[in-house]
Each structure stands twice: as structure tokens, then as C-alpha cells.
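Note that the chains take the letters A, B and C in the order they are written out, and that residue 1 is the start of every chain.
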């Protein structure tokens, strides 16, 4: 009973410290939570934030959807085919370490600053992580399970549906979770750099006298990330209840 | 190959083929232009990463070994981790300006969570039987931490710092583009205004190679320092 | 120390384990026993009977709920103080070479480096691992790892040597070899020992006296004094006396095992 209160205590403690620090430093340096509520909440609902956020999210989701649709088969293919793995793995390793921010100036030259630019940045940020996670999951499929399938005379299609797919399920969801986080990050990077959408709100709020709106926008992003993670974790325990993730990371 | 084939058909401004990029990379490295910029970038990278290690490793150990602390602060940490680091940029400008301190701060922000989380997982998962052995032979308190918990978690510390290193390299170039453009970021800005896609790609490839090289070098260091650790096949 | 008194005495020991739900489990209930100086005592019992818990309490790794442990007539609390433990799954430190593992206990006692290095070398030689001093545990076989584990426990010159199913995770051949080696070492340099096992043959072959524990909560069901002289040898394992003791112990254990089966299937 007492243990379950600890997370709330931790959050309360951090909020309290923030409030105290904010009051001492002043709104210009660090607006306290109370100021964020007073100044940001009305702004959140006056129509200047939520529609912009929805529009940004729509483009982010398109980029992420493409990355997922492309990354999942690529990951499976890499895990199942040695040749394809040898061809694609160096690019995967490069893609994982490449900084999204460094891609932004290049993509602006290639795609301009509109819809296709934002979608392709998000795509490039998420696709590697989706592919890598699915790859690791597909590599982890115990060949003995497939042998059991063959022993029971499962055809290739049957063994895909009955063995591969269920075994991959948890990884498909982890891939979505990691992919979405990278997609949100990429969205912010791209939009802040070219000052459009939600990124523009963040950029412009940095110019205002109070840090309250800026902190409010950050809290919205935080809530968004937490919400996405939460939904996908729930989905995981619903679709693949037998799979226990070891670490919370 | 696919890149080369497609790129040869497109105008070079849109996508230059890899052959041109590689030649350009060699040229700019030999002329010293990229080398000077790279050395300049190292300052924020090294300082930011050092800050991450100094703060992230002990914090990770504290969260990993103390259940109460972990339950109190894991949600806070996860929440902060969910915020894209670049969203902090306007905030960092207010606090640290546009130059070195701001860049160090962004490098730190982009790498500290990875290190903290990896170390806390490692410290949490130390085999309790090894701790029993330590206690059985009379180790207690700090000595138990130093002689048993720390070496047992060391492979995780390395894994965390390896990821943190790559994130820190990303943080460095991000900072050079988002604050006052400098070093590699300045080169990219110039290239962009001249519509020089080959130049941009050169820097991107250089950074990616740097990231891979840093990872590989670190993995070798790891094999030297923690030779007992048989890494599971990645 | 009172002359002739027991080396190790356990008085009225009790231990319960709390569970998140339901009644606490009573692992040990009011257990008392004595081990004479230089006696080799084996403890055997059905799995999950609390014999490992008992040994961990004697080592001081977990505190008892009631009762006390006396070494040389003096109460001991917490680990260290004259007891050395050999663990079931070897549990060597993977980051230390064989010799550094053996040095571990000496290091904690503040023995200077050259001295402890020499001592560790001697114990490595005693368990027959010369030439493997600088090997890491993952480079050694299970049997070799447990010999290092034994050397590590012996190196601190414990008054009482505790062994928790030390050969339980080894294959049968390795197990037989290590039993002989343990006997050899122990018969040359005798010290008070408690050996927990689930193998009846192992207990009879090694020990001077065997205590048979009951299923939870652990009580002493039977005490058998092993009549064989030392040094022991392989032939004893086929003697009628050996088989007779084996049958006696099995009859007691079987009853508990059957009761346990019954309990499992009815719940």
C-alpha cells in the first residue's frame, strides 16, 4: 500500500522543488508550475496550440506509419536472409548513429520545408529503430519452434502465421514504441529548425518574457510521449501477455 | 549501389552519388577544413559527455540499488526522457546563451538519460547470489559496493556510456546547428546556403563514420577492461 | 572455550518467511543441534525443506527470527567470524581470475598483498588447479569452478566450513571425483564441516554423522552416525552396511516425499 504512494511522492517532491526554484529565479528564467498553469492552460484551449499540435502530429504519424510499414518487413527480411542482412546491415548501423539534426539542412535542400520534408525527416529518424527492433526480435525466434512447426506439418505460410507472427508480436509493439519516440523527437527537430507547426510554437515561446508558455509546451510533449508509451505498453500486455519485458527502459 | 544508380540519373544538387561524396570527404579532410572543425567540436562533446558520466553513473547506481529512490524518481526520469531534447533549446538559450555552455548543456541533455537508465538497470540486476558471497566473506557497506556491486554492473556502465557517446556526438552537431553555428555546424550552414548537397552529405557521412568508429573503439576498450563479460550476440 | 564443548551450537532456531499474500511460511521451527570439533556433519532432507535456509542462517547471511548460533561457545551474528561458505552454484566473481577469487576473503581481512597471493597460490595447489591461477571463471569447467569455490572458502581458514549442495549442479562423474578430492583434502586437514546435500550416497560417503530433516518446517527426523573408518574409499559404497544406512534414510525421506506429493496434488 505504502509503496504505491512513492511515485506520487517523487513527482510531488520534484514539483515542489520546481515551484520553490521558480519563485526564487522568476518567470523569465524558470516559471514555477503555478505560473505555468495560470499562463499556459488558457492558451492551451484558446485554439492557438491544440490545432497546431494536431496538424504536426498528423504529419508525424504519416512519417512514422511509412517508417513502420517499411521497417518491419525490412527487419524480418534482414533476420531471415543472410544476403539481405549483409547488404543492409551497414546502412542500418549508419542510420542508427546518424544525427537527425544533421540531416535537416540536407533534406531542406532536397524537399523544401513543406509536408514532404517533415514526413521524410520523421521517416528517416524512425525507420532504423523500427527495423533494428524487429530484426532483433526475428533473430530471437528459436529455430526449434519452427522445427516443432515442421514436425506438425505446418506449411511455410502456416508457420509464418502460427509461429513467426505470434513470436514477433511483442517486438512489433516495442518497435512501435521506440519508433514513435524517435518520430516525435524528429518532428520537434525539424519543426523547430524551420519554424513551423508545433516547433514554431516552441521556438517563438522562447522569445517571450516568461518561460511559462515554453514549459507548458514541453509538458504537453512530455504527456504525449508518456501517453504513447502507456498505450503501447497496454497493447503489449493485451496482445502478448506471456511476454515480460525485463527492464523498464 | 542503389544510391549511386539513382543519384547518377538525378541532378547533383538533389542527390549527389556516393563517389562524389567520398572524393569530397577525402579532399576536405586533407585540406584540413574538416579536421579543424572536428577538433573544435570536440570541446563541447568531451565536456558534455564528461558531465553526463559524472552525473549519470552515480545517479544510475543510486536508482539501481535503492528501491525507494527508484520508485520515487523513475516516473520523473521517464517523463523527462519523453521530452525531445531539442525542445529544450529555447530554454537553454535563456539560461546559457548561444555558445559553448549552451552546447555543453544540450550534449549533456541528449546523453544523460541513456547512461543513467543503462547503469540503473545494470546495478539493479546484479546477481544477488554474488552479493551473498561478498557478505558471506565479510564485505559490508561501501566495500561491498566497491568490490562486488560495481564490478558486476561495470558491463552495463560500458554499454550505457557507449550509447551515450553516440548520443553525445549527435548532441554536438545538433547544438552547432541550433545555437550559434560553429565548427561543423557552420560548414553545414554555408553548404546549405550554396545549395551544396555534396558538402552537406560529406559532413553527415563524416559524422556517421565518426559515430561508428567511436562505438567500435569503445567496444575494444570494453573488451580490454571487462574481458569476463561475454556479450550476448547482438 | 569450554574444553570438550561443541564447536558449533544452534539453539532454538526459528525462521518464518513473510509472503505478500496469505500466511507466512514457517521454514524452521525451534531447531537445536550441536556439531563437535572436527566433525563432518551432513544434512539431508526433501527439497524445499529449509536446509539451505538453515545453512544461510548459520553463515549469518539471513537473521533468524528466534534462537542463536554459537561458535566455540560465543554467540555470533552476521557473516564472517570463523565460518566459510561454499555455494551451490559456485558463484565465483566473473571479473576475478581464479587466484583473485581465492584472495577475496583475505583481501577483506586486510592481509597484505604478497602474503595473500602466496596463501591463495597454496590453496589453488591444494585443490589441484596449478596452472589455472590466472584463468577467468568462464574459462573453467564447472568442476574446476567449484574447486576454486572450495579454495576460496578454505583460504580464510574458517573454524567451520559450510557447504550448500556444492556438487549439486555438476554431472555425476565430476561429482564423484570432487567428493573424493574433498575427502582427501578434509582428511588431511580436518575442520568442522556442515555439508547440505540431497544425495543420500554423498552424505554417507562423506560424513561422520547425518541429520535427516523433515519437510517444512524443518525438524530433525533422524540422526545417523556413519560407522565407516577414514580414509574412506569407493568399496564402502557397495558394502551391506552402506546399503543398510541408505535404506534407513530413504525410508524416512520417502514418507516425507509422499506426503509432499499428496499435498501438492490435493491443493
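The rule is simple: a residue touches a chain if its C-beta (ideal position, glycine included) is under 8 Å from a C-beta of that chain, and two chains touch if they have at least 3 such contacts.
Note that the structure is a prediction, hence the values are computed from the model and not measured.
Here the chain at the heart of the shown protein, by mean C-alpha position, is B.
The greatest centre-to-centre gap from chain C, using C-alpha centroids, is found for A. Counting C-beta pairs in contact, the chain pair with the highest total is A-B. Chain centres here are Cα averages; for chain B and chain C they lie 48 Å apart.
Averaging C-alpha coordinates per chain places the centre of chain A 18 Å away from that of chain B.
With centres taken as mean Cα positions, chain C sits 52 Å from chain A.
Among the residues of chain B, none is in touch with two or more other chains.
Every residue of chain B that touches chain C in the complex is listed here, in rising order: 127, 129-130, 132-133, 135-139, 143, 147-148, 151-152, 154, 226-230.
Every residue of chain A that touches chain B in the complex is listed here, in rising order: 3, 6-7, 9-11, 13-14, 28-29, 93-94, 96-106, 108-110, 136, 181, 184-185, 187-189, 192-193, 202-203, 205-207, 211, 214-215, 217-218, 221-222, 224-226, 229, 246-249. In the complex of the two chains, the chain C residues touching chain B come out as 56, 59-61, 79-81, 83-85, 87, 89, 91, 93-96, 104-105, 107-109, 136-138, 152, 156. By the touch criterion stated above, chain B contacts chain A in their complex at residues 13-15, 68, 71-76, 78-91, 93-95, 117-118, 121, 125, 166, 169-170, 173-174, 177-178, 188-189, 191-192, 195, 197, 200-201, 203-204, 207-208, 211-212, 215, 234.
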